[in-house]
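What follows is a structure written as structure tokens; I'll ask about it next.
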Amino acid sequence: MMARFYLFLVVILCCAGCGDEEVSESNQRSVDGAVPVVVAVNYPVAFMAQRIAGDWLKVEMPVPADVDPAYWEPSVEQVVAVQQATLILLNGAGYASWIEKVSLPQEKLINTAAGFGEELLPLESVVTHTHGLAGEHAHAGYAFTTWLDLEQARAQATAVLEALIHLSPERRAELGENYNALAAEFQQLDQRWQLVGASLAKDGVVFSHPVYQYWQRRYQVSGPSVHWEPDLDPGDREWRDLDILLAENPIRWMIWEAEPMPGVRAALAKRGVESLVLPTVSNRHAGCDMMAVLLDATSLIERSL
Amino acid sequence: MSDLAAPLVVADKLGFAYDTDSFELNLPGLSIASRETVAIVGPSGCGKTTLLHLIAGILKPQSGRLRVLGSDVGAMSDDQARDFRLQKIGMVFQSFELLDYLSVLDNILLPVRIGSAITLSSSIRQRASELAKQMGIADKLSRPITRLSQGERQRVAVARALLLRPPLLLADEPTGNLDPNNKGRVLSLLLDYAGQEGAGLITVTHDSTLLDRFSRVLDFTTLNQAETTA
Amino acid sequence: MRGIFYLAWRYLAWHRWKSLILVAAITLVVFLPAAIQVLVDQTAAQLGVRAASTPLLIGAKGSPLELTLNSLYLQSTPPASLPFSEVDMVRQQDLATPIPLYVRFKSQGAAIVGTSLAYFDYRGLAIASGRSMAVLGEAVIGSSVARDRSLSVGDHVLSSPESAFDIAGVYPLKMPVVGILAPSFSADDNAIFVDVKTAWVIEGLGHGHQDLAAPEAARAILKKDGDTIVANASMVEYNEITEANRDSFHFHGDYSQRPLTAIIPVAKDEKSAVILAGRYQARDDDVQLISPPRVMDELMATIFTVRQFVVAALSVVGMATALVVILVFLLSLRLRQSEMNTLRSIGGGRWHLATLAAAEILMVVVVSGALAMLLTWLTERWGTTVIQALIVS
């Protein structure tokens, strides 16, 4: 367990050189102990917090770089470390189910999605099961990549801003400024994605994973999802299913979370489907911050369209 | 010691009666010189004990004069009579009148404890243990009274009476409850004390066998009747 | 005078049983009302301190006394529950920090308090050994629980079924003890603390079982109808949350509707407290905000009234005892008439004899009084501990 934690620290320290607003940057300042520590459950929220806060607090995201924060399970030691945080920023929408299974100081928990709780999308596929006398119950949930709708991302940033102002009211002006800058970047990207969405919607899109629900809703790109991993060949059965899908729908694009294997990309191209990469940035990307990753990916997509 | 030189008792036309009783005491005259050892005899109920109580100042004469050791006991206040009794008179009773809840030593020391005139000093404690030795009860000082024989008890009572070296001993049937052996012994203790200290002894007794040991025997019937016939 | 006291002392010592009975009787007559006075005062103070440190309490509408006793003293039957959404409502108003309380289940008589970590800070509870709970299923126990059951960190406590016939929801949950609290001399010493989510697991609102979609669970599947899997009784349901099965634990239903017995709103300041109280007063749903100090004041007023009756009754008993004691002294004086006569004839004055009798009474009364004071002092000193034990048990 501790080994994983140290690995995570190493990753943080390695990333320290990247980007001017990198999450882990304040790590170097933690020595004096006076820097408040804020824990975020995923990278987007951690990124927003660090951008808005600047360097007067340390933002931690205790998930190793190679683990999806949505499914991460902390060790007891990691939970104890999180308990000490000044604030714990949740993504909301049921993201990071470990939150449900640990004891965290209620008053420190900030649900950044609280502002749009009504608009969350329920997951389509729900396994219902029945046992005992409690009757039928469903392990239902919500789609949780909320930040891929940049308007929602801005709302989450607003929640972070409010929490930080609450923490340090005297920094209101500075925090507000940082927030405005971030919101402006979100808005610019939002506009570009509107155009990307409009363009993609005409051509037909398939998604490699059902994680783009909010992106699809916001940028009006409908399309089916499969369960393909970028680093694996999906296998014959999945290819057959895809062929059936392609026969029924005009589809020109497949949107991936990460660059697919070259063979898969080529095989798709042979079927007239071009691969595009739109990372969900749930976890930190070695080298660059969230906006940089998204802007790079967007430029690539724009060029492909 | 003027007490020793003064006559023990001088009574003149002494009269006393109880409110509740038809009994009357009338003593036209009685004189007992110093150092005398006197036995008063007479039938029960004729007033012998009453006379002792008058001498001791427990009762007050209603008429006449009574001087004891040169002091007019009839004229004393209660407090004065009490101090007088405590310091000048040693009392011995037929039923010993010891306190069950006290040890032998505490019984001997009782006169010191009930009066404020005398304080319990080491010389008094020494006196108590000497007396106990004389009485043959030295080894029983810390025992409770209830664990002594009758003779031993009366010796404790005698020791109590002698504690403050009174110039006058008043004994009311001191041998009445004792076997012949102890009778002689107790009486000897009283007479020896009187002889050694030059004190007087007035004893009320029924025991005719002991009378010859006293310097004078007074028949109370004649004493009291003398007034009646006069 | 010393002689008189010596004689009185010898007399009392000689009649030691009579003296002891007299002393015992007088001691009790003095001590009992004093002890009741002291104990009630201390109980009041004790309960008062706890109430004073909890000026506000939110619960479902119902008996405020029941709500207070359950939430502050961790006893009495659980009050009606209120939904967890109330916690968010309090938070949103930004007037107070809400501490959720779910005091419903027990473990061998000790209350299992489902709450959040803030409770420990709020009550000033320090962890003597181990740590506070971190993951689902862990328990932190009070010092008395640890002492009485000889539990240390690493041992387990088991929740008790709510009733012998409880076949539905609540099944015993085995919880590892991860921390032991330092003694606080309050009801917290006799409680077991878990995360409120763990309390919900005890209730059956969350549970862990075999992954029914996994092949090894095939035996447990009764029928499969599309996405609906019906499990049979052979499905392995876990009664302990371990690192291996923690993943499989999940909650059903709406988070905001999960039950609490109370919420302690820790107001930011007095003004916030007043505003919060005002807002709750204006509400006409099933939630109430009460003031435990006021509730306890009312309870204390009742207890004080009862105490007055008890003390009055004891005073009558005391008077009767005093009369009997006087009778005993008079009878004993009468029995000692001949002794008094002897003392008088030897030279004891009337005043001295009276002093002798008085000295005996005085000594008995003084010794009894001193004993009663000592007992009262002991009650004052140790009574609190006894009361605490009583309160908790």
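Letters are used for the chains, namely A, B and C, taken in the order the chains are written, and counting of residues starts over at 1 for each.
Note that a residue touches a chain if its C-beta (ideal position, glycine included) is under 8 Å from a C-beta of that chain, and two chains touch if they have at least 3 such contacts.
Since this is a predicted model, take the numbers as computed values, not measurements.
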Identifier of the chain whose CA centre is least distant from the whole-structure CA centre: C
Quick check for the class: compute each chain's Cα centroid; which one is farthest from the centroid of chain C? B
Inter-centroid spacing, chain C versus chain A (mean Cα positions, whole Å): 49
For chain A and chain B, let me know how many angstrom lie between their CA-based centres, rounded off. 121
Please report how many Å separate the Cα centroid of chain B from that of chain C, as a whole number. 74
When you check chain C against every other chain, which residues touch at least two of them? none
Provide the residue numbers of chain B that touch chain C in the complex, in ascending order. 53, 56, 58, 78-79, 82-83, 85-87, 89, 91, 93, 97, 99-102, 106, 110-116, 120, 144, 160
Within the complex, chain B is touched by chain C residues 1-4, 6-7, 10-11, 13-15, 338-339, 342-350, 352-353, 356
In the complex, chain A residues that touch chain C: 73-74, 76, 79-80, 83, 97, 100-107, 125-134, 136-139, 166
Spell out the part of chain C that touches chain A in their complex, as residue ranges. 87, 91, 94, 97-100, 116-118, 131-136, 138, 167-169, 195, 197, 204, 206, 209, 212-213, 227-233, 235, 237, 246-247, 249-253
